[in-house]
Amino acid sequence: MSKSDFSQNLLASSGKPQTAADKIPIIARGAVSERAIKALNLVEKFVEEECIPADVLYHSQLGEGEKRWASYPPVMDELKAKAKKLGLWNLFLPRNHFTQGAGFSNLEYGLMAEYMGKSRTASEACNCAAPDTGNMEVLAKYGTDAQKKQWLTPLLNGEIRSAFLMTEPDVASSDATNITLTMKREGNEYVLNGSKWWSSGAGDPRCKIYIVMGKTDPNNRDTYKQQSVMLVPAGTKGVTVQRCLSVYGYDDAPHGHAQIKFENVRVPASAMVLGEGRGFEIIQGRLGPGRIHHAMRSIGAAEKALEWMIARVNDPRKKTFGKQLNEHGVILEWIAKSRLEIDAARLIVLNAAMKIDEKDAKNALKEIAEAKVLVPQMALTVIDRAVQSYGAAGVCQDTPLANMWAQIRTLRIADGPDEVHLQQMGKNENKRSREIREKLERQRQIGDEMVRKAGVRPVGKSML
Amino acid sequence: MSKSDFSQNLLASSGKPQTAADKIPIIARGAVSERAIKALNLVEKFVEEECIPADVLYHSQLGEGEKRWASYPPVMDELKAKAKKLGLWNLFLPRNHFTQGAGFSNLEYGLMAEYMGKSRTASEACNCAAPDTGNMEVLAKYGTDAQKKQWLTPLLNGEIRSAFLMTEPDVASSDATNITLTMKREGNEYVLNGSKWWSSGAGDPRCKIYIVMGKTDPNNRDTYKQQSVMLVPAGTKGVTVQRCLSVYGYDDAPHGHAQIKFENVRVPASAMVLGEGRGFEIIQGRLGPGRIHHAMRSIGAAEKALEWMIARVNDPRKKTFGKQLNEHGVILEWIAKSRLEIDAARLIVLNAAMKIDEKDAKNALKEIAEAKVLVPQMALTVIDRAVQSYGAAGVCQDTPLANMWAQIRTLRIADGPDEVHLQQMGKNENKRSREIREKLERQRQIGDEMVRKAGVRPVGKSML
Amino acid sequence: MSKSDFSQNLLASSGKPQTAADKIPIIARGAVSERAIKALNLVEKFVEEECIPADVLYHSQLGEGEKRWASYPPVMDELKAKAKKLGLWNLFLPRNHFTQGAGFSNLEYGLMAEYMGKSRTASEACNCAAPDTGNMEVLAKYGTDAQKKQWLTPLLNGEIRSAFLMTEPDVASSDATNITLTMKREGNEYVLNGSKWWSSGAGDPRCKIYIVMGKTDPNNRDTYKQQSVMLVPAGTKGVTVQRCLSVYGYDDAPHGHAQIKFENVRVPASAMVLGEGRGFEIIQGRLGPGRIHHAMRSIGAAEKALEWMIARVNDPRKKTFGKQLNEHGVILEWIAKSRLEIDAARLIVLNAAMKIDEKDAKNALKEIAEAKVLVPQMALTVIDRAVQSYGAAGVCQDTPLANMWAQIRTLRIADGPDEVHLQQMGKNENKRSREIREKLERQRQIGDEMVRKAGVRPVGKSML
Amino acid sequence: MSKSDFSQNLLASSGKPQTAADKIPIIARGAVSERAIKALNLVEKFVEEECIPADVLYHSQLGEGEKRWASYPPVMDELKAKAKKLGLWNLFLPRNHFTQGAGFSNLEYGLMAEYMGKSRTASEACNCAAPDTGNMEVLAKYGTDAQKKQWLTPLLNGEIRSAFLMTEPDVASSDATNITLTMKREGNEYVLNGSKWWSSGAGDPRCKIYIVMGKTDPNNRDTYKQQSVMLVPAGTKGVTVQRCLSVYGYDDAPHGHAQIKFENVRVPASAMVLGEGRGFEIIQGRLGPGRIHHAMRSIGAAEKALEWMIARVNDPRKKTFGKQLNEHGVILEWIAKSRLEIDAARLIVLNAAMKIDEKDAKNALKEIAEAKVLVPQMALTVIDRAVQSYGAAGVCQDTPLANMWAQIRTLRIADGPDEVHLQQMGKNENKRSREIREKLERQRQIGDEMVRKAGVRPVGKSML
């Protein structure tokens, strides 16, 4: 079968399949432009017809052993060329904050990112893969012209890749004030010493630039002014990539999650981003939209897992005890709950994206936190049901399920563990306490007065 | 303190409290008219300042023993007069389907219903209480002019109340084809025999009309054509209200949940709604919007429970082990999760409401089912956390929590238990199986071909 | 059918039904004496054949309104007479700590209490009902001869009932150091002032004695020496039973949960138990076995709920969508999980009971806490499934389910909320940290040394 | 530090650490012999002091790429020699069924297996590793003398390893009647054709014998008589190990999970076990004790995860937001719940083991199923909490947590997915329905009669 028949067959198979645009929740529809609708449908087509079929080839071209880190699968360049030609390039830079991107809103890009999340290759093919996306945002927002020319341009062109180096192995770096890598000014240079890990993407031979967070002023009383961000080219003298960390048993080559040592690494003062002591400001600006991207891709992964589950439980070869799996009530309940949980999570993320679009990420702290916490837990649950419905096939390399699960499991930890976000959300919500207590107290007083006037015996006694 | 000071104090207490309109999720904002915004703010004010303070009086006026069923609390008529004056009357009849209501969309009314759900008295005060709402919809949609004049007009005016009699004690009536009450044509009359229960509202002395589902043609091969709906005045000869059922110990007087016996009850043929055999059609049309109302009120109840929880854990008299409860991490997590779960559920319901607004309830079967299943489970969880944070006070009459929990617990059963809806949702979702299986098969074929052409060893083996 | 046919029929119906003894988990069997086996089988028979059938009569005899508190159902005295005759009396006082009881171990009595938990009337019929059990333990352990003669003897004979007054409405009394009722010595008397609530059993006209916890020395630096326990006869001047609290909508008459005011209540100094400042010591000794009793009765309630669920899903009148409920996979999974969860919880409680038997309740703090936390949550889950399988019938007075749920819901709060116990359990478990950290550190050191000696490249890096 | 100091230090660190024997739940203590107590303490010492430190070396010696499958880590032979010397060898064969083992009961061995589950190397070191254990049981129970001599003896000596080949890639083999590998008699030989996968252990170069399930009589009307079991030496002509399957990215080398093709594989008729058509009988006998072993090892893994969690949250380097993790209430609750859930699961397994000891595995079907379903879900929950408390370190190779999680995740699928077991458990429990319905009906009748005689108005109406 030629690929050109594919869409037609897809159409034929079910009479009237829904387009990606048809599947936008109606409550979000009004905020999506016609141009975005077209791009969204194109993204879905590109992902389903080009990227997903290429995923197995991508993994196969990776090979084994050291080879996995020495090059990258050639099919990626073919996909990138196709995406560029289709105009599906740098879709992530939102129109109200950047001029360099494709000009969509966070909401619109979020809808597209969902489809990218269904394929191992799609995000990178469209130059929308983390951590490059966040790094490009940092450079576009805070970089000098020279920094932009040197690093942002090739990143926007998809010629190089990048890594973001914040987390450290020896401290609890979910509290970012704990980081210890030192950046000491010496003349016109800074000297960097310390250790980083979970430097995702640093394993890739195309990764040319590290965006590094360290401390220029570790004794500043304001613990949020101690940090700075600098640009360190990969391969700078004194930088050693010590090893790559696995995620469950996956090495995630060629991307990788590196542990990197800095020993007297010297970089020119011009490599400083924004200025000394402004590291926190930079990373905070970086986090919001990235969480939306992760969340929407995870929703795509959950949708994919649900598709695979449905495919399995309708597989005529997989009857047990005389029944198709789709006839088992428990399985139908899994499917129904998965549908419901995915739909609820998607609305939470789209609402957060629109809240960012209204103003900026600070405007949407609550909504982003909700998405950050809800989505990975939902996706893990849905994927795990799919794994279970596949039996042993679900845990191995014959489905994308186990790998998707492992990837998304890290999202409950990355950018701060769920629990830290929940504590912060709880504290913020609790700020309403004075207002609430006063309101309830007044309601009680008025109510008591009404009962007194009416001369009846009160039922209950308000506790407040 | 006079009530007129109340709003000012509310305002004063927290600088800049959010209005109800401010709290509309941004993703829904665009679909809410200015007129609805105004009404919504007015509803919030009415509920918080008038209805909630009146709730204790309402309960106190109910009294004890038989008295609870003989009259109804006088405060209700005062509240109704106020609501009418404020224009907060019959808000529930959506503008695209009815002319008699206040002219709001389901989405807009949904937002208002949330606030009504925070008070025992608010829905009735605004003439928006079940089962009258659904019954008015039935009469407005399907009633003859005479039927409308006799029953719809006084219902719209809030002069009488009504009950809907479908469920039966001796069969599994979650499958409505199982009902057994017979309606036999004899000349110009029908003779009704059978038993109904959970006839909510039939305990109220103001309840004047029963909308009764029975079988006119129990042997019709089409099991969905056997049923008819008739209008039976309360007190018709042969009708006996046998007893009222409790809900976790609550009698819900004066409303009540009655068990009612029909022994040779004769009604004129003109009491038939729409025509013989059209009972299913009628009840199906009745269900959609009502589920949205229940769901939004439950969300209001959950918000109220969260407010009470926050009030408690900030109560300076309630320190344990040297700490305020709001300093306990577990409690903060409860608050955060409650916030998140409420917000997700609300989006699901608002999306369903908007889907109905787009066309009709049939258009929104999936979305309504999602709301039906998700919201009560969410609200029960949130309320139960609040109960737990109150300790013993939470289970008794001193907070509204235990009663709200019991009310909402019935929603997991009413209109079909969760499990029936989940099975149906699962089956619907599973209808995508052919389309999905074909898509995955084609993706696999193309992928295999790519791997073959590239001449590399494949990793994994697609299971499909 | 005469009652004498009952056992025979029971037997006939299934060939070979298991006795209560047969159902003892094998791991506990060895610790149960032959005498206990016989008593256990007798308890089951008494509960199933006498008490459960009498439950409806008990409720019916209670009547309505004020009458519910003025007397108690006459059937209770008949049941008590039967139980005494069968030797099923005061079974709860464990043989290694008391001489007054029937001479069983906590493990053995626990097995019996499970069956009592299946009936509203059984525990009281066997003089094994809370709070009398705990109060009799206090009197037997700490009472003077005079106190024993006056109060313990009639309690052991089932002639009077009693209440335990600790919890207070205005403080967070889950932390018992917070109680405020004052006990001031004046000459040969103490003067009591303060308020108590949740004084369970104080509603009963037979309740003659209150065991009251208060503060004799509120300024003692040792916050655990401020409290004392005194015996206050019901009806003492200055004592006012203000109202009874409901549990969800149940009033639990005639037992009741009273709010009681103490205004200058004078009691002789001889009413002091054990001595001033020894209140904590007394309540701590009181708590352990009582938690086992509650837990085992809750397990009985869960077993009863499971029986009712099975009865329902096999009811031929209750087919939905052409199937018996027992053919629905989801329902079968509920049954299976209920079986499993009940069995696991029972083992936890029996193990705790045996740990008490080995020495005393202090020996079993961890095990008792595990039972305290696990059992109510399990029972609530199982009962809620049964409610759901009954549909609307499950929430009302036509099954024992809703009432059982409400009763057990209070156990997540009584004797300290779950969360307080979990925090304490967590802290205790965390005391192992030094031992564990040292062990892991040594393992790491030895392991590193082995790797070094072997001259291979280490995989992973121990975090510890 | 020399290893000889280790125990002393362990002791010193905490005054009086509990021995393994001290930690036996009291309810099981009576059934454990003195000899077993000694062995148990020895097992703990061997695991903690020898095996766990050796685990990192074991993984390190495995190396990378093809090398991982070509040999096995030399440290294993050292550990085996030590275990043999200590008498910790073939502990698994229960004394009431076999003469070849160490003479312990299933309960006693279960206690030991828990400790083995804390180490990657311990089970194999004691010659107690799956699938050899089950295979040795099959050979000991059903093998001819020749079969025993050829295969059982070297297995008992730990000289060779083995695999069990049942699951097939193209069918739903959780229903074992679905298997398709054919075994055709031709003269004095059988010819085998078909495909197997998840043949665990077949990757190991020491694996010399496959125990293969196939169909000798695929058309037999009795679908449980079609299967036979044969012994096929690894390397037999026509047998191809095609690939090894991964488990969440882990290859589990050198053990491995192989996919194996049989093409006209010829084995002598003497390789048949027990006789044609007796395959089902053999695998059923094989399953019970193996599930106990898996379950107890999983409990050991959960205990280890809890130890690692406690170590982390007390790590002074890992403060966040000014607090040690052990001061966060949420973390303390995780620790407490983990303690409770592990303890409950252990009692379920020990009770099942004792039930097998009483007679045999058939006697304990319910209890084994409970252990099979409960334990993996519990262990996954506990381990996942530990992962979360470690943050990024938890998902990678620096802790044993991610790998343990992946291993145990397969247990929810192996030997039949949880859902199949739950359905079966539900059906079995539901067999009580007639007995229960009759009992409840009689109780209702007697109760109604009592109410009638007493002449009171009945409250409620029994539904049964």
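The first chain written gets the first letter, and so on, giving A, B, C and D; residue counts start at 1 in each chain.
Simple rule for what comes next: a residue touches a chain if its C-beta (ideal position, glycine included) is under 8 Å from a C-beta of that chain, and two chains touch if they have at least 3 such contacts.
If you're wondering where the values come from, they're calculated on a predicted model, not measured in any experiment.
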Greatest separation from subunit C - chain, by CA centre: A
Magnitude of the superposing rotation for subunit A and subunit B (Cα, nearest 5°): 180
Centre distance in Å when subunit B and subunit C are each reduced to the mean of their C-alpha atoms: 37
Computed distance of Cα centres, subunit C from subunit A, in Å: 49
Sequence positions of subunit D contacting 2 or more other chains: 328-331, 333, 393, 396-398, 419, 422-423
Complex interface listing, subunit D residues touching subunit A: 64-65, 167, 169-172, 174-175, 178, 197-198, 245-251, 257, 317-321, 325, 328, 330-331, 387-388, 391-398, 402-403, 405-406, 409-410, 412-414, 417-420, 422-423
Subunit D-facing residues of subunit C, complex: 1, 3, 6, 9-10, 13-14, 17, 25-28, 30-31, 48-49, 52-57, 59-63, 75, 306-308, 310-315, 326, 329, 331-337, 339-340, 343-345, 347-348, 350-351, 354-355, 358, 366, 370, 373-374, 390, 393, 396-399, 419, 421-427, 429-430, 432-440, 442-448, 450-451, 454, 456-464
Contacting residues of subunit C [partner subunit A, same complex]: 328-331, 333
